[in-house]
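The letters A, B and C name the chains in turn, as written, and every chain counts its residues from 1.
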Amino acid sequence: MSVRHALLALLTEGPEYGLRLRQEFESRTGDVWPLNVGQVYTTLQRLEREGWVESDDAGSDGAKKRYRITDGGATELDRWLRTPPDATTPPRDELVIKVQVAVRMPGVDVHDLIQTHRRQLIEAMQHYTHLKADAPADDIGLALVVDAELFRLEGLVRWLDAAGVRLAKLPRAAAPRPGVPAPDPAQVRA
Amino acid sequence: MTATLDRPVRRGAGGGLPARRAMVRWALRMFRREWRRQLLVLVLLGVVVAGSAFAVTAVYQSAPSSDARFGTASHLLTFDGADPARLRARLDAVAGYYDTVETVGHRYVPVPGLFDPIDVRAQHPAGVYSAPMLALQRGRYPTASGEVALTDEVARTLHAAVGGRVVLDGRDREVVGLVENPADLDDEFALVDAPTADPPQSVTVFVPGSRADLEAFRATLDGVVVRESRPSESRAVLAVLALAVAAIGLLLVSLVAAAGFIVIAQRRQRQLGMLAAIGATPRQLRLVMLANGAAVGVAAAVAGSTVGLGIWLALAGRVETAAGHRIDRFDVPWQFVGAGMALAVLTATAAAWWPARVVAHTPVMSALSARPPRPRPARRSAALAVALLAAGVVALAFSAGGARPVPVIGGALAVAAGLLLIGPLALRMLAAGRATAPVPVRLALTDLVRYQGRSAAALAAISLTLAIAAALVVGSAAAERTARRAAALGNLAGSQLMVRIGEPAPVVPDHTPAQLAAFESAAGEIADTIGGAALTPLDMAVVAAYTEPGVNGGHPAVELGIADDRLPDGVLSSYSAYVATPELLRIYGLAAPPAGVDLLTTHTGEIELVNIPARGVYPTIAALPNLGYSSTPTALLTPAVIARNGWRPARVGWFVQGRNTINPDDIDRVRAIAADAGLTVEFRREQASAATLRAGATVAGVLLALGVLAGTVGLIRGESVRDMRILAASGATRRVRRTVTAATSGTLAALGALLGVAGAHLALLAVFRTDLDALHDIPVANLAILLFGLPVVATTTGWLSAAPGSALPARGGLD
Amino acid sequence: MTTVLELRKVAKVYGSGPSAVHALHAADLRVDAGELVAVMGPSGSGKSTLLTIAGTLEEPSEGEVLIGGVGAAGLSANARAQLRRRSIGFVFQDFNLLPGLSATENVALPLELDGVGRRAAHAHAVRTLDDLGLADRAGHFPDDLSGGERQRVAIARAVVGDRQLLLADEPTGALDSMNGEAVMRILRAACKRGIAGVVVTHDAQLASWADRVIFIRDGRVVDETAPPSGPEVLLDKDLSR
């Protein structure tokens, strides 16, 4: 999530004080993506430097300044909206690495580990779902963000499910090691 | 939810009336939504109900009614009018005893050229009791002594018309109207004005009241009183019989219905499972299926009766012609039509009983997942089937050649029930051999076993239908053979005639020599008409000493009585006996009767002479060559026995032997001569062959079986649309799919035909066990059609009907 | 909170001999009034068997089932049917509603089966539909309802009367995610009013609506989520990244 572009988007609705911008941002994303107090103002300063926003006066306190989007800023926002997210290089997923490591380590029950992660992921999902359930029905912004998190977490749960099934097919002693080619399934079964 | 509910205090396991109402409501809604899926059952039931409504009404209306003779009275008294004083006294006695009586005077008036005299009735047109016996067709009723009204036949005989004049009973009268007896259109008479009529020869008195009442009155009179009571109503009995036939049809249809209901139950399996999950008790689930069955029954009963009665209204006129009496087409015997409808509802509900039971006992989870129920072991039903078949065969074997009704009905029912139950076993045996069959055939056989509930019911319906058809075909052939052996060559040869004076009867009326001469000359004229035929007089021996009471008088003719083990003890079959005149003996190639012989006859057994005052007269017998015809004399009494007993020969007719077969034109001419002279003539009757019956039975059996088959195959294949789709998806050609359908219907047809024909044969073998020759002339062609034709037609139809479209996805079966 | 459903060491074996299938091994489960519990596991893990045994649709091979504190063992078919229409509501994945009956009539059916007169049962059904926001669908027939609406009517039927236990087997399985969410909202709302709910699913999103998630694998209960926790705990784990 780009905080810069989110702030630019908020400013398309009209000029706004820095403090209100922060409150607005937080209310729209719920407390899923909480921001540091200074983060909003730092970002606003950078936007101003690049000429994408301009402020009323040159007061030092970002919270009391009133910001307005420039034409350059509107162009940049439009360009960003249409640019596809970076999908080619996958992020290094910590969960995947943990399971990979556990498979190699002797004395670690990888299925137990998978279940532990699954439980934690579900607990996290429960939290988000309850958040969504208790929120007023017209809070679209929250729902969108929560859904995104839920789908992401669900993806991880499903990956754990698939990993569990794959690992269950292998005898525990013959767990693959990096660099060693995986044994032929037919031989394993024999 | 938390809101409180007023539940009934009684907390039984069931929900009482509200629950039942809810279940029935759902069943009826589903019937309204999906009645088209039960169309086969609806149509079959409806056809049977329509047939029964029509048949019951037609039989009821066409049966002769005793109203023709009794009007609305209960009893008839007949007084002789020879002694007017005595008649007057008796009529006064009747009038004194009963409050309301009606009298009709009769004079029997001979008319030249007519054998029977014309009944001249002095009857009041608006008689208290006789009103239903009289109706005016044209003109008016006679109101004066010079007037008369005639029935159509009498008018024709007398060449009279309304407005013309006729001479009757020595009086010249004006014909003022045409009348009829609406309850018997064959009742011919002349009607005269009662108050001015001549003194009657006899008087019929109509009286009401009970029989005991009548006997009490009779005790007050001296001498013979001829009295007659209204017979019990035969048309009700006939209507009940028609209803019984309809019940058999309904039974057959109920088998198909049961199969259809099983399909419905399987289609609704998940919904019923859902109901059970909601908390419906097994009894409530059963109610759903029973309500559906009853709804089908009601719909079929209403539609069928409407159609049946519509056909009746359209055809009532023809029934009237055939029945010989006027019919009020709107006088429908509602009690019998209603009984037929009730029977249909009952049958349909009963057919739903088994599926309902299965539904109620299916585990909820099996129902929810729509798993077909596991086929029940067939062994128990097979044992029962064999036991029933054996019992039925034994019962039929002891039916004395089919003459005793109880073992015949019981045995036939047991064999039918056995046939019904053996279906599952037969299906399994057939399917056991499927391993070597090609895949499509194997698939079809597997489905037949898998959906055993409906395929066994269909098999039962097919085999029972064919069993009835086969029994008719073979049985009629056997009966015909027996009859033909008895009658050998038929009644007469084509070149022969029997000319009789009057009707053949055990009483021979007296005739004056002039009358006899007239008869003889007419017989001679007949013999001339057919070209120089030989005329042989026929005499019977009559008991001259005894005069039969009755209108025409006459003397009883001596007859043979032969004991018959098919008749109750003491009852004899009687056969006519003729006098062994030399001319008659010549026909048999005999010169003179052998000495010391009383009787020459083709009959065997213990022969007694009957219809005579003496009892236990056993004649000495010699064999008579059998001419092979049933109407030529089969028993000749020798002059010796006649003389010894004081009997007297009386002329009863002539045997006419022509040179060639008599042609139809001559037959018409002979008939005209005979009618004018008051003679009756018997010609060669074409053998009333049962071939038409057999062809009809074959066609009807095949058609009904095909109908049942089409329904079943449709049901089974309709249910396996999904399998077909999988087959198609896995690359099966249209040919494979056709083979599956063809194999299904062909197998059912072949198995049904085999079981049906075998069952029918088994039953007939038992019936004719003492007389197996009768079964020799089996109509092979008809049986072959049943045995091979039906499966071939079924297979072909199955092949053709598995059109490409039938593999397309139908609406999911279980939504 | 009162315990509505309790399974004690429940085992279920299908078939016998070498072909016997052990669907459940000594499974324990307690569900309190007002609680929504999800039972999560892959297909074939025995979770559906758990549900059908809890709902008295099947008898356990071993162990005890208590509904409202009353043992269900040894009850006659009629008594079980009565228990179901008084205390237990079912929602299945599909084919929930009887065709030919309107939404109101479907919802009123358990009451009518229990002997409540038609008028009273219908009034109650309409009220229940209204409570679940389905008042405008009351007169519709299942054919005229969308998949989501059908499931919501099914839930109304499962809770109508004074039901204590609601059992749902993949209730959103045939629905898209938004319709699924609507169904789960109603389910959760029903539980918040005091009914004990059990949802059986393999779907993590669906399970996350529950107050408690039980994990089942190869017929055994293997794990259970912690009681609901606040968002701060999650933030520390930096799942938001």
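Everything below uses one rule, namely that a residue touches a chain if its C-beta (ideal position, glycine included) is under 8 Å from a C-beta of that chain, and two chains touch if they have at least 3 such contacts.
In this text the structure is predicted, and so the values were computed from the model without any measurement.
Can you tell me which chain pair comes out on top for contact count?
Result of the pairwise contact count: B-C comes out on top.
Among all chains, whose Cα centre is located farthest from the one for chain B?
A
Report the inter-centroid distance (CA atoms only) between chain A and chain B in whole Å.
Chain centres of chain A and chain B, defined by C-alpha means, are spaced 91 Å apart.
Round to the nearest whole Å and give the separation of the Cα centres of chain A and chain C.
33
Just how far, in Å, is the C-alpha centre of chain C from the one of chain B?
Centres of chain B and chain C (C-alpha means) sit 64 Å apart.
Quick one: which residues in chain B touch 2 or more of the other chains?
none
Can you list the residues on chain C that touch chain A in the complex?
40, 42, 185, 188, 204-205, 207-211, 213, 215, 222-226, 228-231, 234-235, 237, 239-240
What residues of chain B sit close enough to touch chain C in their complex?
1-8, 10-19, 21-23, 25-26, 29-30, 32-33, 270-271, 274-284, 363-365, 368, 814-815
For the complex, which residues does chain C have touching chain B?
52, 55, 57-58, 76-79, 81-86, 88, 90, 92, 95-96, 98-101, 105, 108-118, 120-121, 124, 127-128, 131, 157, 159-162, 193-194
Of all residues in chain A, which touch chain C in the complex?
That would be residues 31-34, 115, 118-131, 133, 149-151, 153-154, 157-158, 161, 165 of chain A.
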